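Quick heads-up: structures coming right below.
In the two complexes below, subunit A is the common chain; its partner is subunit B in one and subunit C in the other.
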Partner chain A sequence: MAGFLLRRLVNYVVLALVATFLAFTLASATFDPIGVLQQRNPPPPAASIEAKKRDLHLDQPIPQRFVTWMGGVVQGDFGRTIADRPITDELGRRIGVSLRLFLLGITIGIGFGVLLGVVSAIRQYKFSDYFATLFSFILLSTPVFVLGTLLKMGAQGINDSIGSNVLIFVGESTPGFQGNWFEHLGDRLQHLIVPTLAIALGQIAYYSRYQRSSMLDVLGSDFLRTAQAKGLTRRKALFKHGLRTALIPMATLFAFGFGLLVVGGTFTERIFGWFGMGDWLVTGISAQDTNVTATVTLFVAVCVLFSGWLADVLYAALDPRIRVN
Partner chain B sequence: MTVILNEGDSAGTTGAASGSPVDAAPDPGKAMTRGRLVLIRFARNKLALVGLVIIVGMYLMAFIGPLLSKWTYDTQDYTAFLEPPYSEHIFGTDKIGTDMFALTMRGLQKSLIIGLLVALISTTVAAVVGAAAGYFLGVADKALMWLVDLLLVLPSFLIIAILSPWFRGKSWFLLVLMLAAFQWMITARIVRGMTLTLKEREFVKAAKFMGQPARKIIAKHIVPNMASLLIIDATINVGSAVLAETGLSYFGFGVQSPDVSLGTLIGVNAESATTFPWLFLFPAGFLVVFVLAVNWVGDGLRDALDPTSTRVRRKEKKKDTKEKAA
Partner chain C sequence: MTTSELQFDTPADRVVEGPVLQVEDLHVSFPSESGRVQAVRGLSYHVSPGEVLGIVGESGSGKSVSSLAVMGLLPSSARITGSIKFQGRELIGRGDAELSKIRGRRVSMVFQDPLSALTPVYTVGDQIAEAILVHKKGSVSKQGAAKRAVELLDLVGIPNAAERAKAFPHEFSGGMRQRAVIAMAIANDPDLIIADEPTTALDVTVQAQVLQLLETAQEVTGAGIVIITHDLGVVAGFADRLMVMYAGRAVEKGKVDEIYQQPRMPYTLGLLGSIPRLDVSEKQALVPIKGQPPSLTDLPPGCPFAPRCPMVVDACHTAEPPLLDVDGSVEHAAACIRTNEIAATDAEGAEAAVEIFGAEVADEPEVAKIPREQREVVLGLDELVKEYPVTKGVVFKRRVGTVHAVSGISFDVREGETLGLVGESGCGKTTTLMEILGLHKPMGGQISVLGTNVAEVDNKRRFEIRRDMSVVFQDPMASLDPRLTIHDCIAEPMQVHGFSKDEINRRVPELMRLVGLRPEQLSRYPGEFSGGQRQRIGIARALALEPKLVVLDEPVSALDVSIQAGVINLLEELKSKLGLAYLFVAHDLSVVRHIADRVAVMYLGKIIEIGEVDSVFETPRHPYTQALLSAIPIPDPVKERQRERIILTGDLPSPANPPSGCRFRTRCFLHASLPPEKQRQCIEVEPPRERQAEDHEAACHFAQIRQVL
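What follows is the complex of A and B.
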C-alpha cells in the first residue's frame, strides 16, 4: 500500500514538473514582454530595455531560464513579475482567496451532487428523477461564465426587491470594512454566497449524473439483495452497503474534478472580482508574464497531484481490498 | 469534456444485451436493417428529436438569418444606441448602434463552424491514433497514455490561453487546429481500449493471416466497428468544442477581432448584463440552447446506437410486465 502510494506520488511529481516545464517553455516562446515595453508612450530608452532583457534572462536559452526559475522555486522564490514585484509575496494571499472559494464550492457540490444522484437512482423514472435529469442537462450546457452572470443578474434582482445589498457579488470583502470579528465574518459570507453558488451548481449537476449511474449499477447487484435478505432495513442496506460501493468509482472523478475546477474557477474569479489564482492566470497571460503563468500552472499541477493522491487514499478508505493488498 | 449522461440506464442488463431486438418494428414483412433500427430508436426519443431540430435550425438560422435582416454587423444605426429589443431591432442595439441580431448571427456562425470543424478533426485523429496505439502497442501506446495523463495536469484551456498571443492577428482556423489538437486524447484512449478487444476477434485475425497490411485492417475492420462510439463522440465534441471556444473567447484568448463569436459577444457584454440585459441574454441564450440540443442528440444517439443501452427497452419491459400483471 505504501509502495503503491509512493509510486503514484513519484509519477505525479514527474508529471507536475513536465507540465510546468511545458507551460514555461510555451510561455517563453510565445510571449513578447519587450514588445509590450516598446509600445509604451513615450518609448523607454534603449538602455532600460536592455536592462529589462537582462532582468528577464531573455539572453539565455529557454531551458536555462527554466532551470534558473525552478532553482528559485525550490528555495521558495518564484521570481518577479513583469512589473518587478516579487511573486512569492502575492502567492500566499491569492492561493488563500482561491482555496476559500473552491473548497466551499466543491464541498457543497459533492455533497448535494451525491445526494441528488442517489435519490434519482433510487427513484428511477419517477418525477424527481426526470426533474433532476432536466436540471443537470440544462446546467451542464450552461458554461460558468453564463451561469455566473445570470446569478449576478438574479442577485441584483433580489437586492432590488429587498431594497438593500444583501447579496454582494463584487470582490471577496468590502474594502475598508470596520467591525468586530463576527461582523467581518458576516461580510465575507455575504460576498461568498453568489460565487459559491456559481461553482456548486455546475458541480452538483455533474456529479449527480455519475452518482446516479454508479448507484444504478449497485442497485441491481446481488450483494444488496443479500444484505436485505439477511434482515437489514432497505435504508440501512442502501446507505451502508450500496452507497459505499457506489462511491468508489466516484473518487477518481472527485479528484480530477478538483483539478479541473481550478481552471473553471478562473471564470468565477473574474466574474465576481476575486483576485485569486485564476484571475492571476488571465492577467499574467495578458501582461505576457512568463513567471506568473508558470507559477499558476505549477499551482494547478500541484492541485491535481494532491487531489489525485487524495483519490488513492479515498480508494483505500472505501475499498478494503486495496487496504489488504 | 465528455459527460456521459444516463449511462447507468444500461446497468444490470449489459450481460444479457445480446438478446433479440425487442423494439424492432412490428412489421414482419420487411427486413430490419441496422440503419432502420437505429433510426426508429432515435426517432422514439422525443428530446433527441427536438435537439436535432434545434441544431439544424440554428445552422440554417446562422447562415440565412443575416440575409433576411436589413441590418448588417458592420453598419450602425445612429438613431438607436443601447435600445432594448423593439420592432426595428428585434434583439436591440449595442452602444454604437449595431444591430444585436446581426451581431449574434455572425457570432453564432463562427462558433458553429468552429464547433463542427473541431469535432470532425479531433474525432478523426482520436480514431486513427487510438486504433494505431491499441493495435501496435509499444511506444505509440506509451506516448498516448502519457499524453492523456499530461492533459489532466495541464488542461487544454491553459495551454491554448498561453499560446494565444502567438495566434493573435492570424486566421481563426489556427484556433480550430489548436482546439482539435487538445480534444482528441481522452477519446483516443477509449478507442485504444476497444481496439485491444477487437484485435482478438476472429475477423481481424483472419484478415491478418490473409496478409492484409495493418493500415488496411485498422481502416477497414477496426475503425468501422467503432462507428457508433465515434458518431456519438463527434456529436458531443461539437458541444464541448463550442464551449471551449466560447470560454477562451470570453477572455479574449480565442476568436480575435475583427472576427466575432458567441464567446466574444458574451465576454464583451457580461459586464453590462445587469443594466442592459439584452446585450448578454441573446448570445448566451443561443449558446446554452445549442449545447443543450447537442447533449440531447448525443444522448439519443447513444441510446439508439449502443446495443447495450436499454433505456427504451427497459421501459417496454416494464410496460410488458405491467400488462401481464393486469
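What follows is the complex of A and C.
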C-alpha cells in the first residue's frame, strides 16, 4: 500500500509540472504586459520599457522562459510580480489566509453535511427530510455573492441590535490591531465567523445531498438487518454499521471538494476582502502577470493532486476491499 | 412494563414448559401506492423447544414478513396486530431498545443472502465478537469475546479459525460467510433460531454442508428452529412439522410425513407435484400451477387460491375457508372446503397432484426414434480450452498467472436431444457457454456447429450460423429490454436477419401462441409481465429464427417452483414439436434429470463424468458426481431421513491454481480413504475419461459404482 501511494505521488509531480507548463504557456502567449505599460498616461520612457522587457525575459521563447522560472521555483523562488515584488514572500501569506478561511469552513461543512444527510435518510419523507431538502436546494441555487451579501446584512443587523461590532465582515484582521496573542486570536475569530458561515452553509447543503443518497443505499442492506438481529439497537446499527459503510463513496467528494474550494473561493475572498489565493489569481490575470498566474496554477495543481492522493488514502482507510489489492 | 422483564437473566426466567414461540392471529400490513398490502393475514403457529418447524411458500406468501415480525425487524411503516409470545411474554408493542435485548440472545436469525449479510468494513471475527459483547458487556472482556469468536468459527467448520477471524467478509466464499452468520446466530446459545431461506443462494454441495451445520447448531443449543424455504426438498428431512403459506395465510399445516404423503389442500398438492424428482427414473409429469399468486392489496372474497385451483367450485368464491383439522388426523389442518374429496383419492402425494391437476408427459420427438449415432451432430466440442491471464501492474502489465477456466472438454449434442451441463459455480459452465455462443476460434481445441468448424468461417458465414443457434438466459427480468414492446423483443432477431415486415408480423403472434401467451399482449412492455411469462417471451425470441440448437443458461433457476414446472413442460413440448436440441446448463440436478437425455458433470474446467442420464444418476462412477447427487434433498421425508449424505469438505479450489493430477483429489472422500501408493497415482497422473458402460464415461482412476439416491 505504501509503495502504491508513493508511486502515485511520483505520477502527480509530473502531472503538476504539465499543468503548470500549460498555464504558463497560455498566459505568456496571451498576456501583453508591455502593451499595458505603454498605454499608461504619461507613457513611461522607452528605456524603462526595454528594461521591463528584459526583466520579463520577453526576448526568449516561451519554453525557455518556463525553464528559467521553474529553475527558480525548484530553489524556492517564484520570481517577481509585474510590479517587481517577490512572489515568494506573498505566496506564504496568501496560502495562510486561504487555508485559515477554508479549512474551518470545509470541516464544519463536511461534519454537519454528513449529519444532516444521515438524519434526512433515516427520516426519509418525514418533515425533517423535506425541510433539509428544501434548505439544501435553496442554498445550492443561491450564488455565493448573494449569500455573502445576505450574510453581511444579517451580521450588520446583529451588530446593530447588540450595539457593538461583534461580527466583522471585512478583511481578515483589524489593521494596526494592538494587544496580546489572546486578543489577536479574538480579533481574528471575529473576522472569521461570517465568511466561514458563507462557505460552510453551501458545503453543508452540497454534502448532505450526497450523504443522504449514499445512506439510503445502505439503509436497505442486509448487513444492517444482521446487525440488528445480533441485538444492536436500530440507532447503534445505523451508525456503527450503516454510516461507516455509507462514508466510503463520500471519500472522493471530501478530498476533491477540499482541493477545489481552496482556490475556487474567489468570490468569497473578494466579498469579504480576504486577500487569499483566489483573489490573487484574479488580480494576477487583470495585471497580465504571467508569474503570478503560473504560481497560482501550480498551487491549484498541487491542491487537486494532493486531494486525489488524499482520496486514495481515505478510501484505503475506509474500505478493506480496496486495501488488499 | 420494565425492560428487565425481557432480559431473562436468571435461570427462573427461562420458561421450560410450553412453546418457545406462540404466534396468534398475526396480521401485518404495509402502505403502498395501490392501497394497503395485507402481507400476513391471521397467522397462528407455535414452535416447541428443540422442534424444527418448516414454513413453505412462494415468494410473496408472507413467510419472511411473519418471521421479521417476530424479530421486530419490520420497517416502522408496517402495522402489526395479533400476538407474538416468546417464552410466554408478549413481544408486540415492545420498543426497539427492549427487543434488541432478546434479538441475538434468545432469538437469532440466519438470512438468505450470505454475500450481503455481513458488513463489508469489519472483520468477520469482530462481527461475531460484537454479537457477544452487545449482550454481555461487563461480564465478557473484549479479548474474551474475540477468543470466543474464534471458537465459534472453529465450531461451524472454518479451517484455521484463528487466522480467518481476522479476514474481511469479501475474503470469504458464500458458504463460509453463511457459516459465519450461523456462528453469530448461535453465539449466545439462543432458544429459537429463525433461518430464512438459508441455503437458497448456495451451491448444492454447500447447501448440504449448511443444512448439516444447522442440525449441529440445534444439537448444541437445543433451540427450536423455524426454517423458511420455497424448496420442499430442503425441509423434508430436517423439519418435524410443516406449515404451507399462501397469500399471507397458513393453508395447511401438520407433521412432515403426513403432509408429504397426504396433502389435503390443492395448493400443497400442486407444490409437491411441481418439483422434478431426482429419484424418479421414468418420465414424470410435472404439475404446473397456472396463473399468479394474487395481489395482496385488494383480495376478493373467497379462497385466494381459487383462481388457480383445478378443483374450484362455486362455493369456493363465497368465503375464505378456515384452517380446520383434517378428519381422522392429529395436528393436521387444511384450509379447503373439499379436503375430504382429496382424501378420497387413492393416490398419494405427487401422484395425487398429477391426477387432480391433470399433468401430462410430453411425447418423445420423432427424431429420437432414430438411434443416437445416426443423428446429426448439432454441436461438437473437442478439447476446448479457455484460459484467462492474471495480470499485475497498471502501466506495465505483466502476467503473474493463468486462470484455467476450461481445460480441454469434449462433448457433442445431437439432433433432438438435451444435454445437461452441471457443476458448482466457478466450474467453467458459463465460460463454456460463452465460448460456444461467441463462435470464434477457441484458444485451444475445436467447436463445430452443425458440422462447421467455427475457427474456419468468415463473418458472413458466422452470421448465418447464428440463425441455427439461439440462447435463453437465466434472469428473465434482465434479459429483455424494458423499453421495447414484447412484439419488438421477439421481432428483433428476425429484423437483424432481414425478414420482411409481413413475415415478421405473421410470425410474432404465432410464436406467442407457441409459448402459451396471448398475442393480444404483444403491445405491452416486459415490466407488465411476471417472471414466468417473461421467460416464455425469452423462449419465443430464441425460437424466432427456427434454430436447431437452443442454449439454455439456467432458464428456470430464477423462477418459483410452481412457475418453474410450467416452463419446463413448455421446453419439453417445444422440443418434441420442433425437434430441437438443447444444451441445458443448470446447477439443479433434479431439473436436469427431468429434462435431459444425457448429462455432463463439470469440475474445475473438466468434464469428470458424462453419459446417458439414467445411467449417470443411478450408477454414478465418479466420487464428485456421487457427492453432488447425495447433496440434493429429495422431497420425501421417509427416504430423506434414511439417506446417507456425502458431505464434501471445503470449497472449490481456485482455477488459477488447480491441484496436480486429478483436480478433485483435494476434496475427494475416496482419495482420502486410499493407501498412499494409490493416492500417489491421483496426485501425479491426471485420470483420463474412460468408458464405464454403454454411453457412460468417467474420469477417475478408481471409479466404482455407488448408489446415492
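Methods note: the second predicted complex is superposed on the first by the 321 of 325 C-alpha atoms of A that agree within 3 Å, B and C clash if a C-alpha of one lies under 4 Å from a C-alpha of the other, contacts with A are read in each partner's own complex, and residues count from 1 in each chain.
We adopt the following convention: a contact is a pair of C-beta atoms (placed from the backbone, for glycine too) under 8 Å apart; a residue touches a chain by one contact, two chains touch by 3 or more.
None of the values given here were measured: they were computed from a predicted structure.
Peer 1: Between subunit B (first) and subunit C (second), which does A:L192 come into contact with in this model arrangement: first, second, both, or neither?
Peer 2: Once the two structures are laid over each other on A, A:L192 reaches no partner at all.
Peer 1: Does the superposition put A:A200 against subunit B (first), subunit C (second), both, or neither?
Peer 2: In the superposed model, A:A200 contacts neither subunit B nor subunit C.
Peer 1: Regarding the shared-chain residue A:D222, is it in contact with subunit B (first), subunit C (second), both, or neither?
Peer 2: The answer is second: A:D222 touches subunit C but not subunit B.
Peer 1: Of subunit B and subunit C, which one touches more residues of subunit A?
Peer 2: B
Peer 1: If you stack the two complexes on chain A, which partner ends up touching A:P143: first (subunit B), second (subunit C), both, or neither?
Peer 2: first
Peer 1: Could you tell me if A:L101 is touching subunit B, subunit C, both of them or neither one (first, second, both, neither)?
Peer 2: Neither: A:L101 stays clear of subunit B and subunit C.
Peer 1: Check the residue A:L232 against both partner chains and state whether it touches subunit B (first), subunit C (second), both, or neither.
Peer 2: Once the two structures are laid over each other on A, A:L232 reaches subunit C alone.
Peer 1: For A:L167, decide between first (touching subunit B), second (touching subunit C), both and neither.
Peer 2: In the superposition, A:L167 touches no partner, neither subunit B nor subunit C.
Peer 1: Quick check on my understanding: which residues of subunit A belong to both its subunit B contact set and its subunit C contact set?
Peer 2: Overlap of subunit B and subunit C footprints on subunit A: residues 221.
Peer 1: Taking the touch rule as given, give the residues of subunit A at its contact with subunit B in the complex, in rising order.
Peer 2: 12, 15-16, 18-19, 22-23, 26-27, 29-32, 121, 125, 133, 136-138, 140-143, 145-146, 149-150, 152-153, 156, 206, 209-210, 212-217, 219-221, 256, 259-260, 263, 266-267, 270-271, 281-282, 285-286, 288, 293, 297, 300-301, 304-305
Peer 1: Residue numbers of subunit A touching subunit C in their complex, please.
Peer 2: Spelled out, the residues of subunit A in touch with subunit C are 221-235, 241, 244-245, 248, 318-321, 324.
Peer 1: Within the complex, which stretch of subunit B touches subunit A?
Peer 2: 1, 3-9, 11-12, 149-150, 152-155, 157-159, 161-166, 239, 243, 246-247, 250-253, 266-267, 270, 273-274, 277, 280, 284, 287-289, 291-292, 294-296, 315
Peer 1: Per the contact definition, I'd like the list of subunit C residues that touch subunit A in the complex.
Peer 2: Against subunit A, the touching part of subunit C is residues 71, 73, 96-97, 100-105, 108-109, 111, 113, 116-123, 130-131, 134-135, 168, 170-171, 181, 184-185, 188.
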